[in-house]
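Read from first to last, the chains carry the letters A, B, C, D and E; within each, the first residue is number 1.
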Amino acid sequence: MLEINFGPQHPSTHGVFRMTVQLEGEKICGLKPVFGYLHRNHEQIAENLPYAAIMTYTDRLDYVNALSNNFGYALTVEKLAGLEVPERAQYIRIIMAELARIVNHIAVIGFMLNDLGAFFTPLLYAFRERERILDLFEAVTGSRLMNNYFCFSGVKRDLTDANLAVIKKMILKFPAFLEEFEALLTKNEILCMRCQNIGILSGETATNAGITGPVLRASGVNYDIRKVDRYGIYDRFDFKIPLGQKGDVYDRFYVRVLEIRESLKILDQALTQIPQGEIINKKSLSILKMPRNFKPPVGEAYGRVESPKGELGFYVVSDGTPQPWRYHVRAPSLINLTVLEEMCLGQKIADAIIILGSIDIVLGETDR
Amino acid sequence: MTLFGWGVLKGMGVTFKNFLTSYFRKPDEGGIFTVQYPEEREGTAENYRNFPFLVYDGAPEKIRCVACGICERECPPKCIHIEMELDAAGKPARKPAVFDIDYGLCMNCGMCEEVCPFDSIFMDHAFEVAAPERQIGLVRHKKELLKSNEYFREIRPALASAIDQKRKAVEEKKKAAAQPASSQSSGGTGSL
Amino acid sequence: MNIPIEEIKKELEARLPDVKFRPVRDSLLIEDPEDLPQVALFLKESPKFLLDYLSSVTGADYLDYLESVYHLYSMAKKQGPVVLRVRVTKSHTAVPSPINGSKTEAGAVQGPRDIKKIKAGKVPSLVSIYRSAELQEREAFDTFGIIYEGHPDPRRLFMWEEFQGHPLRKDYQQEDTEVLETTDIAWLEARGIKVPDEMKEKAKALHAAGLRALAQKPEKPRAG
Amino acid sequence: MTITIPPTIRGIEFSADMLFVTAKAWILTLLGRFLPDWLIVLASITISGVVILCLGPLIMMYLTLLERKLIGRIQNRYGPNRVGKWGLLQPIADGIKMFTKEDIVPAKADKVVHLLAPIAIVVPALMIFLVVPFGERMTAVNLNIGLLYFIAVSSITILPIFMGSWASRNKYSLLGGMRTAAQMISYEIPMTLAVVPVIMMSQSLSTNTIVLTQEGSYDMNWFIFTPWGIVGFVIFFLCATAECNRPPFDLPEAESELVAGFHTEYSGMKFALFYMAEYMNAFTLCGIAVTLFLGGWQGPFFPSWLWFSGKTFVLICVMIWFRGTFPRFRVDHLMGFAWKFLLPLTLINILLTALWQFTSNLAAWLWSILILGVSLWTLVKLNRTFVPEKRHYLLES
Amino acid sequence: MPILEIAAKYTTYAVMAVILVFALGVVTLRNLFHCALCLAAALIGTAVLYVVLQAEYLAAIQILLYVGAVVTLVIFAIMLTEHLAGKTVRQNNSQSLPAIAGLLGFVSLLTALILKTPWPVTPTALQAKVLVMGLGKALMGDYVFPFEVISIVLIAALIGTVVIAKKDQPEEKA
């Protein structure tokens, strides 16, 4: 019996995540995740800030796709304060959030392949495509990762026609890249050997353990908040939810590939439907200019979005002051780790790494 | 049943194709994607934001900032420090005597730009800000933060021209207002 | 697809007559925390609601009492949320730092402040019913000090084991990392690290005054 | 002790083919003017030795550059191009970096063994160079048991890896060491057996003789152009990849699991030595593969050494290509692949070779292909884990 | 070439001395892993001795079998049985008496063998090629039956090991 610390400094724990692993030979017979190495008490920081300023901190939760976090938080506060979002802004939000989903998914697949031992090739192919989207983010939001783009009842900057043309071009090119990517990966015997029937998670366990996102859908549970809550204007788009068969690592990997395809569909529809108009409600402009004058009515709201990692929830309690009384983030990265030990038991060490990779955590969100 | 090992070979085919295309294709079509940084540079988008800077019109003395302290209060990581300049009589001169930004703390969120009612603080495009020492080297004082409106126009033409027009309109309005009701200064309220 | 709170109320009253509860802002406040697992199990298994998915567990500090809030959804029926909440007094949990008054400018705290009605005690853990509560209850314990009884692994989640206090409580006071306390000096010296005499004297003075090295809120924002 | 003087000392021929041989002979005749005979023999050994000792590190240095360049291109980037033209001085910069780095020895390490391991690993790697026929008459030592020598020496390589992993007192190192041992022992067996057909056909263990038997019209009578040859070559090459711990068989140093495997605790020059051994092994193994199956230095039109280095270069590029493409195997799959797939196939291959030796004509071709096809099919069918499952994904609204 | 021969002679003596030193190390060193390493060194030294005696074939086999396989197995066993990341593995000499008895028996056997051998061996008898060919022919001809019997014994031992190793964990595969 050998006890090994994976992390907090380890090449493939995706940050400063740490798990203590008990090994018997190469087999795992015990695994305990240890959290908190990146803990910065996000919630307390937020409770001392005006509502609009918290948006900048939500970027730093899941720093791979800040826009989904922005979306979730904006949605929650809008629910709390009863704000309306103009039509064009709704479309822009969907476009940006879906682009963020693509960014996240291809990055995850790339990193997972790196965990499998592919020497950076899939990762760099993925990053090549990600780069185009990040360039677009830079042009639109001003920053590549820490976008800080959404504001209450709208977005901060408009998508110009040039931006839209760039996105359109990107959508046209993306399937070719996916084809290439799949030719490199999905039928690869080594990858199939490594991923199939590894880290199986049954649908019931996943539901009970509150697993959400692609991990849940890979286990065959049809639950996508975009379809269930129909937040924003997701009810206007025609897209499908890919479901896995077995709930193993391969399914999680492939469900993500399919979700990218669905996201492309949504983007395509959004780009054709997007109307002209305001990008921010005139009434809410003052929130942007004077954040401390924005005082939502006393009450509470729980808003959630389908972030690429799973259900990202924000629980905000207002006491009528400029700062929230209570602000809580339901982090999918954290809760999806509940079943890590169960999935890893009896597998090899190498599998634990890819199981962790397939759950897709970002430490900024896990530890908050 | 597909041939065993076919997937592996197909993968090798993909990498080989990329190997070949890296020699004679353009970056967008599967060529080399690297930007050779110090020599080649990608142009930054107009909206790109890095660290804040202060705008002056014409000469550095004509600074737009009136040291109202809104950005100081709203800055989420609290990296701005402003002290009002006092004139001989000890009255506030509506000008900052000290304006420090700790680049080590700043997180490029752009809140200061959003809240500033005087269009004086904006996010810069310069990203090569390195200093040998964290405590002192990264704190920028007023002198280093001040940049001309021409520079602003150069890096963010659309926004700068919009703001120039707005300021002009306000100025003219002020002038028009000042002529009948002579010498009634109304301050530089250029907010939306 | 929201489930109207009245519907649940009606159903609960019919099926679980012993449980006392009242609606608070679109949610059900269960008066006695001990009833929580019963209610949760009922909601999970009743075919009408099938709330099989516990989305979020969190705490909140309302100065007089702590609240544990649960957001339940149904994956099978794709509906929700149903919000449950229980209240516990603070007294039973160890609070190391004295309450020097709330540091936030919070004025009106919502909800009636009838402390006498709130039963002092612990909240029963929901892990046996919803595994998703496992890490979230640990988090709530870590940040608020709400003790979840029957949790299989009741440790802190983010903070280290020796950490004192619960950082998200309104009465939590941050330590001043610049000033050392006597215990810190002892710890450092046990590891062979030299501590300047000046710091030692400061620590002694602090100790003599019976104070802890707490961070003061800065008068002026920090700048170079 | 009898050591024969190379026969070419006197009669010097000038041709591109014999370039290096001639150069050595010329130096030796020059020395012969004022040195006794027995010293000439020593000088001959020294010259060969020095050339090999310089060649090894040089090859390693430029292999790293080649690898980084090729993988860079595969990944659509440039690879090193800053130090010197096309990054040609990059290996030297790396060397300087390695030399000047702090040498860290863990506090609880077994210091002596920790120091010895990187030194010990280079020795067998260099020793294999002795029997590699770089060209016609360019084998450093023409041992009549060359092949056996190669197998024997390459089997020692496990020992230093063990030493390094054990002496580091690090759990990752230890796991890496265990994996190495298991992997190397497993892959040595199919590798050795894959060589057997070649020995059967050439009836010799000497690398030189093996190359000579592959002569023919246009010097193209290579063993790879026979069914048993191609199977043997593929198996040998896969095993060689596994032997020198290169992807997709790089489990001992699996970066994503074991940080760096057996050399986790090594830094500076010691680390460089491990690296050097790995790359030299890669080179020699490719060289041996060329010798055994690709006709060694045989080939039309070009000088022999060029043919040899060209073929070796191609094989090394394939190894690098592997690295740029594949994810890593898992331990049990790796073992399964060696024992359940490669080993039976080699045994069948040996039988096939025996058949080939008796009937060498079109019928033999057909028979070989039939046997190989059937055996491959059965092996794949028996090895369920290698066959990917077909998955069907529902798209629900 | 007398100088070369003299050099070869003294090299041989040096190699022998080194072998002896390592052999002593095998039995005296306290750390099992070091012992195993010494064993490997001694075996490599023996191989060098074979090379000096122009029996390259034997040398190669020596290294391949003993260093490459046996010592590796020994080290593997040490690592598997003892605490893995281990404190130094201690060796004890509590069974020195039986060991001495065994050694005495072995030495007497060896002396008997040495005495029986017709010395000096003629150089013609040491022709390596003949030896290898003879070895092969003998193994595949006259001694093929004992050779095969040994193989069967080895296989039986292997299977037995597997069975014993498996017994500890019957629920290996679910």
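Basically, contacts are C-beta pairs under 8 Å (C-beta built on N, C-alpha and C of every residue); 3 or more make two chains touch, one makes a residue touch a chain.
The shown structure was predicted, so the numbers you read here are calculated from the model rather than taken from an experiment.
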Chain located farthest away, centre of chain E as origin (C-alpha): B
Most centrally placed chain - per-chain CA mean versus overall CA mean: A
Rounded Å distance, chain C centre to chain D centre (Cα mean): 62
Inter-chain centre distance, chain B versus chain E - centres from mean C-alpha coordinates, in Å: 75
Centre distance in Å when chain A and chain B are each reduced to the mean of their C-alpha atoms: 28
Residue list for chain D, restricted to those that touch at least two other chains: 74-77, 171, 324-326, 386-388
Multi-chain contact residues (two or more partners), chain E: 84-85
Junction residues of chain C - those touching two or more other chains: none
Chain A - residues contacting chain C, complex: 35-36, 39, 41, 43-44, 47-48, 205, 207-211, 221, 223, 228, 298-300, 302, 304, 311, 313, 315, 317, 319-321, 323, 325-326, 328, 330, 334-335, 337-339, 367-368
Complex contacts: residues of chain A adjacent to chain D: 2, 4, 10-12, 23, 26, 113-121, 124-125, 128, 184, 187-194, 196-197, 222, 227, 239-246, 250-251, 254-255, 258, 262, 348-351, 353
Complex contact set, residues of chain D against chain E: 1, 3, 37-38, 41, 110, 113, 143-145, 148-149, 151-153, 155-156, 158-159, 162-163, 166, 169-171, 174, 177-178, 181, 185, 188
In the complex with chain D, residue positions of chain E that touch it: 1, 3-5, 8, 31, 33-34, 37, 40, 44, 56-57, 59-64, 67-69, 71-72, 75-76, 79, 84-85, 88, 129
For the chain D and chain B complex, residues of the former touching the latter: 70, 73-78, 321-322, 324-326, 376, 380, 386-388
